[in-house]
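Each of the next two complexes has chain A plus one other chain: chain B in the first, chain C in the second.
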Partner chain A sequence: MVRLTMYKYFQVGKTSLKQEIAYPINFVMWRVRNIIQILLVLFLWDSLISDPRKVLFGYSRDMILTYIFGIMLVRAFVLSSKSMDVAGEVARGELSNYLIRPVNYFFYWLSRDFASKVLNLSFVFVEFSLLFLILRPDFFFQTNIFYIGFFIFSVFIGILIYTLFLFITSSVTFWMPEMGWGAHFLLNVVLVEFLSGVLFPLDILPQAIQKVINFLPLPYLVYFPLQIYLGKQSTYELVRGFVVEIFWLGALALFLNFIWKKGLKVYESQGR
Partner chain B sequence: MKLKEFLKKANLGGKAKLVWYYFVIWLKMGKNAFMVYLNQKKILAIFLIGKIIRFVLFLTFLYFLVSGAGDLAGYTSDEVIFFFLSFNLVDVVSQFLFREVYRFRTMVVSGDLDLVLVKPLNPLFRILFGGADIIDFITIPPLVAATFYYGARLNPGFLEVVFYLALLVNSLLISAAFYIAVISAAIVTYEVDHTVMIFRDLSRLGTVPVDIYKDPLRFVITYIIPIGIMLSFPAKAFLGVLGIKLILVSFLFGAFSLFFSLRFWEYAIKKYTSASS
Partner chain C sequence: MRRSGIKENINKAVVVSGLVKNFEVLEKGARNIDRIKSLLKPKKKVVTALKGISFSIGKGELVGFIGANGAGKTTTMKILSGLLYPTAGFVQVLGFNPWDRKREFLKRISLVMGQKNQLWWDLPAIDTLELNRAIYEIPHLTFKKVLDELVEILDVKDLLTTPVRKLSLGQRMRFELIAALIHQPEVLFLDEPTIGLDVVGQQAIRDFIYQYNRKFSATVMLTSHNMSDLVDLTKRVIVIDKGEIVFDGKLTDLITNYAKEKIIKIYFSGDVNIGSLEKICKIRRYAYPEAVISVDRSLAAFTAAELLQNFPVADITIEEEGIESIVRRVFRGEAVNG
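Up next is the complex of A and B:
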């Protein structure tokens, strides 16, 4: 039974992957945009810490350039997601097509997300290598296997948190169908850009702000995994970080379950 | 007041009458676009809040960063903030004016462009200026005030201010040239969205002085895709660090880019087949 279920979602992922490959220009353009976005951050920090001996906000040149190259990688894993389309499906009444099928809608999108991440990741490796060869940045290679293991684990939880976050945001459309893109813009574009660590490492902010931000779910998408990779977390910070991260995973899952059930009660399949 | 009454009252002749005619039409199109947004107040509010949060957070980030580092490529934090504000000014005004371009692809693939072509109006004017953006419009006055405030702190000379204002206008011309090139390419290739978004991403490189980038990227974004001329040069002229030769080169770039994009438009519009209508 479990095997059959796994096979079903594997097929969803496979079909989704084929669908993305069928429109290669869209995908390539999306990747080009990702490279351009990273260039601003990269050159900004490169200019600020041009001297290899200089330390700024607790970061040496190799640490900060590793952080920025790390953003490329973690972004492709965590923030490349197709679940944003859920808002449109609910608003247009297309959710009905899935409600009558023997599929779990959340796992359906999670499978599509994983397929998308595999594709993004394969491109990121090429981009990463090219930029690395062209720019030849100072780079910090983590050799501690525990840090690498914790890094991978935190990225995995980050993926789940982000997917839950997108689903919760999309749920707004049960009540306000026209608000889908607006809600995503505010929460998943603006706030994620500043509070996930995609633009800068959050520990450059004053301590008081950091304390508040660290209790939110967003820093666990990019900033926390990269801090683990760089070995900048003490054992206490590591444990506290994972406790908060897992707390948010559970809390968001429960909240989504609650809000989704409420949403389905008011869902009218408009447009169908 | 109706258009005919406007024209009667204005009692203008020749080209002035034509300019007035288009100005009134632009006001009408803008009013219609605003009405659409005002019918969706929640969406308007959410996008406005989002844009303001984004702007304030980035400004705060730049301030913390450059204050902590001492300078960025030789510029102080006040100067970097002025670069950022000037970038936003050009960006927001061009978004306000040319928002309709983002809807152009639908017009081409659905064949609705036919309805524009048969009207007694320059189609390029309708496509570029057909849907002014109220969200950007609301943000322009505070942005101008902030730019004025930070600009005054930098104690510029009279000539620097004149060059700055002239180069801002030049930046809007380059921006218009780009959008004309995009819509022309859209007729030939049916593609707008990605081209515009890539240009928007490239423009964001101009958030900070282009001096931070290394060659060949710096050369490319200054002279090939003139992000630097468009977004960094006005602030540089204001700070008095842009020579007169480069100021003249900027104006030449503005004139040439507009000239070539208009030629491209004339070529592209002849290729329009109205296939979907």
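Up next is the complex of A and C:
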């Protein structure tokens, strides 16, 4: 039973991958764009902080470079999601296609998303190795295997939390079909950009604000994983972080379950 | 096949009783100023799409569901397949409450909507079908057997590996049907399955539905605006109008109930004064030497006698109104039991 269910979602991911590489040229252009973006950011920051002894907000040169590079990587994994169009599918009534089949809509998108991320990751690995060999930038390499393990684990939970965010904001379309994009923009773009650590490392904020923010789910999307990688978290901070993060994961999952059930009751399966 | 051999079954596949569905509609107004007002103070209007309908369908039956646009056909089908939450009333399909959308329930039904597609656009149809194999947990051998059979009947074997975007509408629709039937559903809801197809395509789909119903003893509920679909396929029809069932019975009974007029065809042997012909009957078509007229049933014999007496008639036949024109009137929403 479990095996069959696993197989079901494995097949969803596989089909999704086939779809993604159905247009090879698009795919290659997307990778090229990624590399150029990485190069631009790298050169920009490299020249901004050329003095290796300079310390900025408690970050040394190699750590700043690693943080900035890490943001691009973690962000590409956590803050990009295939389930971006759930709101559209609800508003257009395309959700019906899934509801009439024995498949869980949330896990359906999650499988597609993970498949896409695996593809992304394998290419990033190749590109990253090449760039590194050619440019030899000053990077901070975490050698503690536990930190690396916790880093991967926190990215994984971050992906789940962000997907839950997307589904919850998309649920608005059950009641207000035209509001889907607005809700998404407000929550997932504005708030997340500010408070997930994408624009700046959150530890440059005043302590009092940091204390509040640490109890929100947002820093756990990008900032927290990167801090683990950089080894800047004490054991206490690490434990507290994971407790708060996993609490949010559970709370958001329950909330989504609740609101989704309510939404389906008013769902009109439009489009026909 | 596991479901063959069921001829008569007292069990019902579909039971609906006092089913009501209301939709809340936000009134927006036509002018921009009205739309801004509606943002500040939304005005909601409740539209009743189904006003307490009741019917049941036996296992293995093939039933046509007809009515004008907006009569409530699609809404009913969506409730029966678990997409919409009923406002009130009792609904049971194969012993399940559709709204629960239990896995075992979903594995045994299928809903095909002529304008919604589940095929992956950029991939060959076989990929969607393989995905459905996993989703419906169909064993490999069964899958292969059913697939072979379906592509054979619908004659699309060679197109399995062609990307869906390169298929014609008709070919795509056939694969949509295959994708919807690969798990051998016992109950099949078809909403306008032949919409947009050419005559050949329509015929292929129709033959297929007929065969599927026979071969798998599947229960089929069909809506269509295509009269041939109904005339060819269904024995029983349910007519729905403005959310209420106005007729439920044999298609032939619908015709006799509804046919208030008879059609008289006349071949004239000489010149006719159209004006005087028009005085005694309604002319539907006139192209010398043939005229087609319609008269009230009770007056048919009388009118025929009158015609023979006063006009140069070579030949005359009295016929029932054609099935198609009756169904067409039903679609227009004319009262059935008038």
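The rule is simple: the second predicted complex is superposed on the first by the 233 of 272 C-alpha atoms of A that agree within 3 Å, B and C clash if a C-alpha of one lies under 4 Å from a C-alpha of the other, contacts with A are read in each partner's own complex, and residues count from 1 in each chain.
To be clear about the criterion, a contact is a pair of C-beta atoms (placed from the backbone, for glycine too) under 8 Å apart; a residue touches a chain by one contact, two chains touch by 3 or more.
As the structure is a prediction and not an experimental result, all values here were calculated from the model.
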First, second, both or neither for A:142, with chain B first and chain C second: neither
First, second, both or neither for A:99, with chain B first and chain C second: second
Partner chain in contact with A:44 - chain B first, chain C second, else both or neither: first
Which superposed partner A:182 touches (first chain B, second chain C, both, neither): first
Partner chain(s) touched by A:60 [first = chain B, second = chain C, both, neither]: neither
Touching partner for A:18 - first (chain B), second (chain C), both, neither: second
Contact footprint of chain B on chain A as seen in their complex: 25-26, 29-30, 32-33, 36-37, 39-40, 43-44, 46-49, 56-57, 176, 178-179, 182-183, 185-186, 189-191, 193-194, 199-200, 204-205
Residues of chain A that touch chain C when the two form their complex: 4, 7-8, 10-12, 15, 18-19, 22-23, 93-94, 96-97, 99-103, 264-269, 271-272
Footprint of chain A on chain C - complex, ascending: 23-24, 74, 78, 81-85, 101, 103, 106-107, 109-111, 113, 115-116, 118, 120, 122-123, 127-128, 130-137, 163, 191
Complex contact set, residues of chain B against chain A: 40, 42-43, 46-47, 49-50, 53-54, 57-58, 61, 64-65, 68-69, 72-73, 191, 194, 197-198, 201-202, 204-205, 207-208, 211-214, 217
